[in-house]
Amino acid sequence: MRIIEAVDITYTYPDGTEALRGINFHAEKGEMIALLGPNGAGKSTLFLHFNGILRPTSGKVVVDGEEIDYSKSGLSRVRQKVGIVFQNPDDQLFAPRVAEDVAFGPLNMGLPEDEVERRVRESLERVGMAGYEDRPPHHLSGGEKKRVAIACILAMEPEIMVLDEPTSGLDPRGASQILRLLHELNDAGMTIIISTHDVDMTPLYADRVYVISNGEIISEGTPHSVFSDIETVRGADLRLPRIAHLIEILQKEDDIQFGDYPLTIGEARRKLRERLR
Amino acid sequence: MNVSVDYYAHTNGLRNTSPAFKMALALITMIISLASPTPLIPFTVAVLMTLIILLLADIPPAYYLKFAAVPAGFGLLTLILMALFFGVNPVWSLMGIKVYSDGLNTGLLVFSRIMGGFTCLAFLALTTPLNEIFQELERLRVPRAFTEIALLMYRSVFIFLEEASVMYHAQDTRLGYSGIRNSYRSLGLLAGNLFIRSWLRGEALYRSMESRCYQENLPSMGKQTSTSPGELALLLLFDGLLVLGVILTSRLTIF
Amino acid sequence: MHIMEGFLPWQWCLFWYLISAPVIIYGIMRIIRISDENPEAKPLLAVSGAFMFVLSSLKLPSVTGSCSHPTGNGLGAVLFGPAVTSVMALIVLIFQAVLLAHGGLTTLGANVFSMGIVGPVFAWGIYRLAGKGLSSSVAVFLAAFLGDIMTYVTTSVQLAMAFPIPGFSEALMKFMVIFAYTQLPLAVAEGLLTVVIFENILKL
Amino acid sequence: MRIIEAVDITYTYPDGTEALRGINFHAEKGEMIALLGPNGAGKSTLFLHFNGILRPTSGKVVVDGEEIDYSKSGLSRVRQKVGIVFQNPDDQLFAPRVAEDVAFGPLNMGLPEDEVERRVRESLERVGMAGYEDRPPHHLSGGEKKRVAIACILAMEPEIMVLDEPTSGLDPRGASQILRLLHELNDAGMTIIISTHDVDMTPLYADRVYVISNGEIISEGTPHSVFSDIETVRGADLRLPRIAHLIEILQKEDDIQFGDYPLTIGEARRKLRERLR
């Protein structure tokens, strides 16, 4: 079942810049999807369409089988279904205390106080930040801020979580903690859409990949099918994952054949083990 | 948040005309339009400036119309208010509402001056980047402390606008603007956060300027431009004719 | 409340330029002195000015359905004092005129007087007075609210002086009535918002 | 010859936080050095000591054989020798036009006008941004801003360039352009010090690596020697480069011996080619 779908949407900024040109995109319920593209390709602009922050110049966005209704109550409904975690946590954490920040969404939804409290507690637990309720967000580390930002969205209990560059700027440990958290949420049934330009990480989580360049989707499929078309990937200012690049060089330059390129360390290990033993 | 003015200021058809010339043209014409005791010349200014903006500066008409709609609407509203409430000689009476001829005349004059003045302002705004305006002021001996702050401010404005818009979206995503109560709280949080950010940016900016040997004063950095004799002649001709027009039409009344 | 380009007769434009000039000159002298003592002052004033500009471009919903643009001048007055704030307000007004076509250049003198001088002076004075007896939130609210009200009163006076039809006092009444309906709720709004901003800044 | 050296410096923030605890660091003339560490380890704080923006609580910084003189003229001298490119180009670019920003440093140095012009032209050419002189920085992309920020420092013709996370937030193409540029500058004789947490990129450029964690240097040496001590690297919230990790797994889990771990694609290719042919 397609839980969210963008049908042929274009978006033109007031100054005339065409940011999106006929995007078709969808996510099945429970999928984990990567939207891969260089800076300025239109990833963030597309995301802002998913919960009606931006309204497409043409085309439509369908959530849970219903086209987005841009009335006040319609927008309120869609924003409870689709939560967006923005790239820079400093743009979304405002309150003097972590708990107040997490409570922001549920309070705006008009939930009763004990329900708000329960959600704050549970979301902070889920992202591993229980015990930080009274801390001021700007004293947290980058990775911690990111997790609080995710908790803020979790507290609204959306069906779809959209994350803009969730690991950018994080050190290796912070990045892998976020990735683990997203896997857990996905296992629990949440549909997750991630924008990124980190090609090395993409194959680690994505069920399906869209490649976006200059406001157009130029490729779509499983990580293997997307990365097998190297020309398209490089044309979008991206590259192969390092592991795949190593194998590509061995195959092309040194004529050692592996077939399909492995994309992750695990896959490469299996392929190499077969050949080396 | 309309910064497309700045975008056009940097890309329009008159981008490379000397800023001093554009400023002089806008300001002198603006003053002539304001000094005219009758509406004809201000309306002429509005038409001429609009033509310059559309034909010479290549500003898209659709954009310009939207830009001009607000002052035009406000000007019309002024005209109506003046005609109804600011006069002593009633001419017409419609269903008990009196229209005053002198009020109508004042209203028409103010409306014409608003349009004349606005089109001059729009010409300046759409053809000349703000920083060049302040750099010209600096050459006119406006105190450096004043222009330096304005020039340092210019960049920060765009950074903060961008940040404010992302913050606004982030709050909107969490339903921060549903209902007036929520809106106030959200906007207050946003502004407070932005304020803190602005101070952090101030510190970071100072640090990076210090790293490049900044000592108390910004060196003068503007592009040196000069007004050509041709531009000067054009300016004198254009505004001279308008002044003549003001003198010739000064006794005209419409109502 | 900006007076639009072209709205005031030239004599009044000149008059308000002359009235505002001494305050602006004094403010610039203060800035020069402050930045001589502390080289960090200029970048900090610049970012604060940018903050004031951005704040004023945010729309604040009001009860009557119209929108106001919070000015931040009250906040500036409390932080930097009225003289420096008037210079900042002048720069912000030029930015608004040229980047947004709010206000105007010939009306700049009049706008600086109402929004950059009278408003901040009242806000600062009231904050000082009220700060002695009342809680800081109430003081901030009163400062921003009354600063706003005084700005609107000043604008009404300016307009009535320019269009004394049939006489000054009648015209003033008319402008005040128009503003009372549209601007009073906005002054309350700005007062409340300034309190929220102030409290957030103190907490962070 | 040690062109810059930090001797046993500690730095305590006014609020009492100990940011640096006895750092010893040096760079030889012409070296390209990576300062590797997780977020919050003290990398940026250390950098601010290199040109006297911060003054150590104890210890000293020696540039070109002379201890930094914290008088006005002394600071001006050291800042012409050591240029810092900050992480966020938006913190650094303040002028309304690219050319004015690049001219800022040289003008502050009191250079004559034609010399300033020459330097502006040459630095913009060197970073590949010639033709952008009149653009306002807010019309540039992230990668372009970064290159202009580097040009701003180049125009001061420093002997040492210090870059804080120069590739963070950039897409693969943007990052590799910056890296290529830094290699060119280094080949032309400039000493370059880069702070980063990108372990995959570090072996591509670094002659020597310092690992910093919690305000202390916990490891130092060539990339191979630093990454061979996996425990220390992981203890600092970092990890092995992906290529090295692949080989580590093959070696440890599958008992296929390679000896020293290769760190880059090139090295791994050579090792694997030997074994596979």
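By written order: A, B, C and D. Residues from 1 in each chain.
Here is the rule we use: a residue touches a chain if its C-beta (ideal position, glycine included) is under 8 Å from a C-beta of that chain, and two chains touch if they have at least 3 such contacts.
Quick caveat: nothing in here was measured; it's all calculated off a predicted structure.
> Among the other chains, which touch chain A and chain C together?
Common contact partners of chain A and chain C, which must touch each of the two, are B.
> A-B or B-D: which has the larger count of contacting C-beta pairs?
Here the pair linked by more C-beta pairs in contact is B-D.
> So the centre of each chain is just the mean of its C-alpha atoms; given that, what is the distance between chain A and chain B in Å?
Taking the average C-alpha coordinate of chain A and of chain B, the gap between them is 41 Å.
> If you average the CA atoms of chain B and of chain D, how far apart do the two points sit, in angstrom?
From the centre of chain B to the centre of chain D is 44 Å.
> Just how far, in Å, is the C-alpha centre of chain C from the one of chain B?
Their C-alpha centroids are separated by 18 Å.
> If a residue has to touch 2 or more other chains to count, which residues of chain C qualify?
43, 200, 204
> Two-or-more-chain contact residues of chain B, please, as numbers and ranges.
2, 6-7, 130, 152, 156, 159, 189-190, 192-193, 196, 201, 205, 209, 214-215, 218
> Residues of chain A that touch two or more other chains: which are they?
Touching at least two other chains: 94, 138.
> Inside the complex, what are the residues of chain C that reach chain B?
For chain C paired with chain B, touching residues are 4-7, 9-10, 13, 28, 31-32, 35-36, 39-40, 42-51, 53-55, 57-58, 60-61, 63, 70, 75, 87-88, 91, 94-95, 97-101, 104-106, 163, 165-166, 171, 174, 178, 189, 192-193, 195-201, 204.
> Can you check the complex and tell me which residues of chain D touch chain B?
Residues 48, 51, 53, 72, 76, 79-80, 83-84, 86, 88, 90-97, 99-100, 103-105, 107-109, 134-139, 152-153, 156 of chain D touch chain B in their complex.
> Give every residue of chain B touching chain C within the complex, in rising order.
Per the touch definition, chain B meets chain C at residues 1-3, 5-6, 27, 30-31, 33-35, 42, 67, 70-71, 74-75, 78, 81-82, 85-88, 102-103, 106, 110, 113-118, 120-122, 124-125, 130, 133, 143, 145-146, 148-150, 152-153, 156-157, 159-161, 164, 168, 180, 183-185, 187-196, 198-199, 201-203, 205-206, 209, 214-216, 218.
> Along chain B, where are the residues that touch chain A in the complex?
2, 4, 7-8, 60, 63, 163, 166-167, 169-176, 178, 182, 189-190, 192-193, 196-197
> Touching chain D in the complex: which residues of chain B?
The contact residues of chain B facing chain D are 6-7, 10, 129-131, 151-152, 154-156, 158-159, 162, 201, 204-205, 207-215, 218-219, 221-223.
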